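After this come two complexes, each holding chain A, first together with chain B and then together with chain C.
Let's turn to the complex of A and B:
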């Protein structure tokens, strides 16, 4: 039997991946919660009186985030009003089930819950999108729509910021992927704990940025938190999957690798002449975007025109597709006479 | 030898979606997690092997608990299974 490193005399129940320490259940809870508190205070994620929306999927990360944020808010008197914001992508057999978990969180934690659906925002469920685009590129639609849907929901709820459940493993994985893809813009942004897309936009914060996935799952297990753990039924993201397994293999040999990769991502210096996107407001929908019109509007136009591949790939290719379709329409009108 | 087995975090989908099982192992031989994983592969696993195992070990990202204690504190593959042990496999690889 291994005893708790904190000398409390209790039996250790887990080996912390971050430090290698063996801790008992109570000391683990304390360490886990204190570190998140420290992340929140050091990063100045919230101000007293803030209304905070948790992007809640019903999965392990957002379930633990909701639980811990409620607990820390009470313990350390953050004076936050916490609400839950969920996005219903319209994926039968996946999201409809996970939303039941979010509703349970709402009842258990006494938080207001707002569910926004792709159907009401865009007129398309993911089921419908997949029926026209198939199972390639569908994740592009889902990702772009979700990002904007969270912004829209945050605006509707009039919150000061949106907290998401991204954990240390997620962030290390994203750093790796951005390096592998040479995406310097995202590489620069992905390790930031607080992101402002521009002055008017509602910031996003990641209180679990330094929290290991293993500890999140162990915390949920020992606290008996109920979460939803089914993989999306539409094509898993293969590239991310490889990065994830690579990281998990490295972690087995050297658990600190997760923190080390985040640290590397944070410390990388970028050349001044690197092209930075200029963030603006989309003239079509009025939400933040780095291009005109925004990606969500282009994807949506493609779906509505019956050209679902419109927003996939280069802009010039999309423009040619529209021109071609317009030409065909003119021909059709002419031939009608 | 009677033992209990349970799955969580999505690991159950690899085992016919059954979350809890009671098992009786042949008491005449010594069981370690190493040999038990082989037993699981041959008798219980219903999905692809590589989703659960990597070599003789569980795939990284699947947590193993023995009587609610992290197997990393108990010798991992070399742990000798005792009667009435409760062995849990929890996936961290699903959803989020």
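Let's turn to the complex of A and C:
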């Protein structure tokens, strides 16, 4: 029988992947919560009196985040007002079910919940988007719209920051993905615990940055937290799947590899001549973007024009598609006369 | 839940949009697109005849050297040669380059080193001299295809042994075997295949620097191709070597200014190397250098298999990763206050006088120390201490500052005279090993 490393005399029920220490259930809860508290205080993620929106999907990460943040807020007197912010992408059989979980979280934790739907923001549900674009590029629409929807929701709720449930595994995976894509700009910023797109924008924070996915699952399991664990019906992301499987294979060999990758991502430096993104305000929608107009506006224009592939691929290709359509319209008008 | 992070989406669309390539390398029966004269023999970026293709590969090699202007005329260059296709390819290009007319002639003096790594493969009997001599003879035979260069023999187990490749006596081999036994015993004390492979990579580089110094060479040519860089970039990130990975994948590794490692065929891929060898009908030991003990589970081997898999289905990803290698820079801290005291620091200064800012360098890999005030390493150590104290939350609440201090002290290795001289990646080599094993490298 393996005893708890904390010398409490209890039988250990898990081996922590980060350090290899075996802990009993109660000691695991204490250590898990103390570590997240340490991440929050060391990283100065919140200020007293802040209104914080948790990006809540109903999944294990955001559910654990909501539970722990509420607990720590009370235990350490952060003096935060915590609200839940959910995005309804309009995916029947997936998001409608997960939103029920978020609503249960709202009731259990006594937090205000704001649900913003793609339909009210963009006039399109993901079901409708998939019906015109198919299942090859649908995730581009969903991801781009969600990023902006969270910003919009945060602005509506007048919060000081948005806390997301990104865990250590997610960050390590994103480091690998950015290397595989050659995206040095995102590699530079994906390990940051707090991101500001610009000074006026609402910051995003990742309190679970150093928390392993396995521990989040164990915590939710032992605490009997209710979460939704079904994969999206539209997300057969083969490429990210490769990277995820690769990371899992590495983790089997050396569990600390996740922290090592995050450390590497933080330490890596770039040549001075590598361009940095210039963040600006989209002139069409007024939200932060690194291009004009922003990606969300281009994708939306494509959907509304009946050219759903407008924002997929190169900008020049999209411009040619618009020019071609405009030309056809002119011809049609002339013929009508 | 949705497995796609928002970080996936940039201005160029989602990562999932990367689609499998169906590029064909089939030799097509058409006229060379470059010279419009000859019949094409290969289709790399377009259909090319033999002459144009060989010129294309040679141009990549020469362009990397001339663009960097790092190698001055009359320099002495050491080529790390094992007899595999990339080694033979680069040697052939140098061989022809040295014989060219005035303005295109390569102007450096080349010597060749063959580092014997036979002992690292667990299947090999190191005492089987017949087999070992046969291997050396094979390398010598490959070298006979070229102009007579000065060729040396050394062993991975002892950087002080540098012998003429043409004249290795039995006594010399016996000495090598003794050193190999010692090295293998040391490797056995390291806890995993990952640690062993990482350690061997470091001593290989250390040996090359030492031998180059002994032979008075300022430059060492390494024969890494595009796929080697992609593999090393990702595996070194996974090993926690983000701070030094730029040295390991760049054209010029100048972490030790007096001996620079250059990778002149880093932009050449394996298909091009193999086609070059085939079209010139050159003799080689094999296509790619075999990694020892590939059947063992290690971070390096799993990464290698992962990249090989990508090469099959997403070959453009491999070149994308390799291109990323040219965008990163070595880690530097502007005002790093790394106080090194005691016996080791004086030893460091004595043994590595050529490294000017040694106090900031890792004793093993010579990269900059990267652990100081690392938030991630701190999070690991905090986790360790808080786990130990988790039975009493009141105690944690009252003693948080002490726990934080202990965690920070552990990150900076204030208590460990040896670890404080190692970067995070090199510390990982000694995970689970005793301090005696670690101390041996400082002797």
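Going forward, the second predicted complex is superposed on the first by the 337 of 337 C-alpha atoms of A that agree within 3 Å, B and C clash if a C-alpha of one lies under 4 Å from a C-alpha of the other, contacts with A are read in each partner's own complex, and residues count from 1 in each chain.
Note that in this section a contact is a pair of C-beta atoms (placed from the backbone, for glycine too) under 8 Å apart; a residue touches a chain by one contact, two chains touch by 3 or more.
All of these numbers come straight from a predicted model, not from anything done at the bench.
Within the superposed three-chain arrangement, the count of touched residues of chain A is higher for C, of the candidates chain B and chain C. By the touch criterion defined above, A:156 reaches neither chain B nor chain C.
In the superposed pair of complexes, A:231 makes contact with chain B and with chain C alike. In the superposition on chain A, contact is made by A:249 with both chain B and chain C. By the document's definition of touching, of the two partners only chain C reaches A:8; chain B does not.
After overlaying the two complexes on the shared chain, residue contacts for A:34 are found with chain C alone; chain B is out of touch.
In the superposition on chain A, A:312 makes contact with chain C only, while chain B stays out of contact range.
Touch criterion met: A:213 reaches chain B, while chain C stays clear of it. Residue contacts after overlaying the shared chain place A:327 against neither chain B nor chain C. By the touch criterion defined above, A:59 reaches both chain B and chain C. When both complexes are aligned on chain A by C-alpha atoms, chain A residues 57, 59-61, 98, 170, 228-232, 244, 249, 252 touch chain B in the first and chain C in the second. Interface residues of chain A facing chain B in the complex, by the touch rule stated above, are 2, 11-15, 22, 57, 59-61, 98, 165, 167, 169-170, 213-214, 216-218, 221-222, 227-232, 244-245, 248-249, 251-252. On the chain A side of its complex with chain C, the touching residues are 4-8, 16, 18-19, 21, 23, 26-28, 30-31, 34-35, 38-39, 42-43, 57-61, 98, 136-137, 139-140, 142-144, 146-147, 166, 170, 173-187, 190, 193, 210, 228-232, 235, 237-242, 244, 246, 249-250, 252-254, 256-257, 259-272, 274, 290-291, 295, 311-314.
Interface residues of chain B facing chain A in the complex, by the touch rule stated above, are 8-10, 13, 59-61, 63, 65, 68-70, 72-73, 88, 90-96.
Listed in rising order, the residues of chain C touching chain A in the complex are 1-18, 192, 194, 233-234, 236-243, 245-246, 297-299, 302-303, 306, 309-310, 314, 317, 320-321, 323-324, 326-332, 370, 374-380, 382-384, 386-391, 393, 396, 400, 404, 424, 428, 431.
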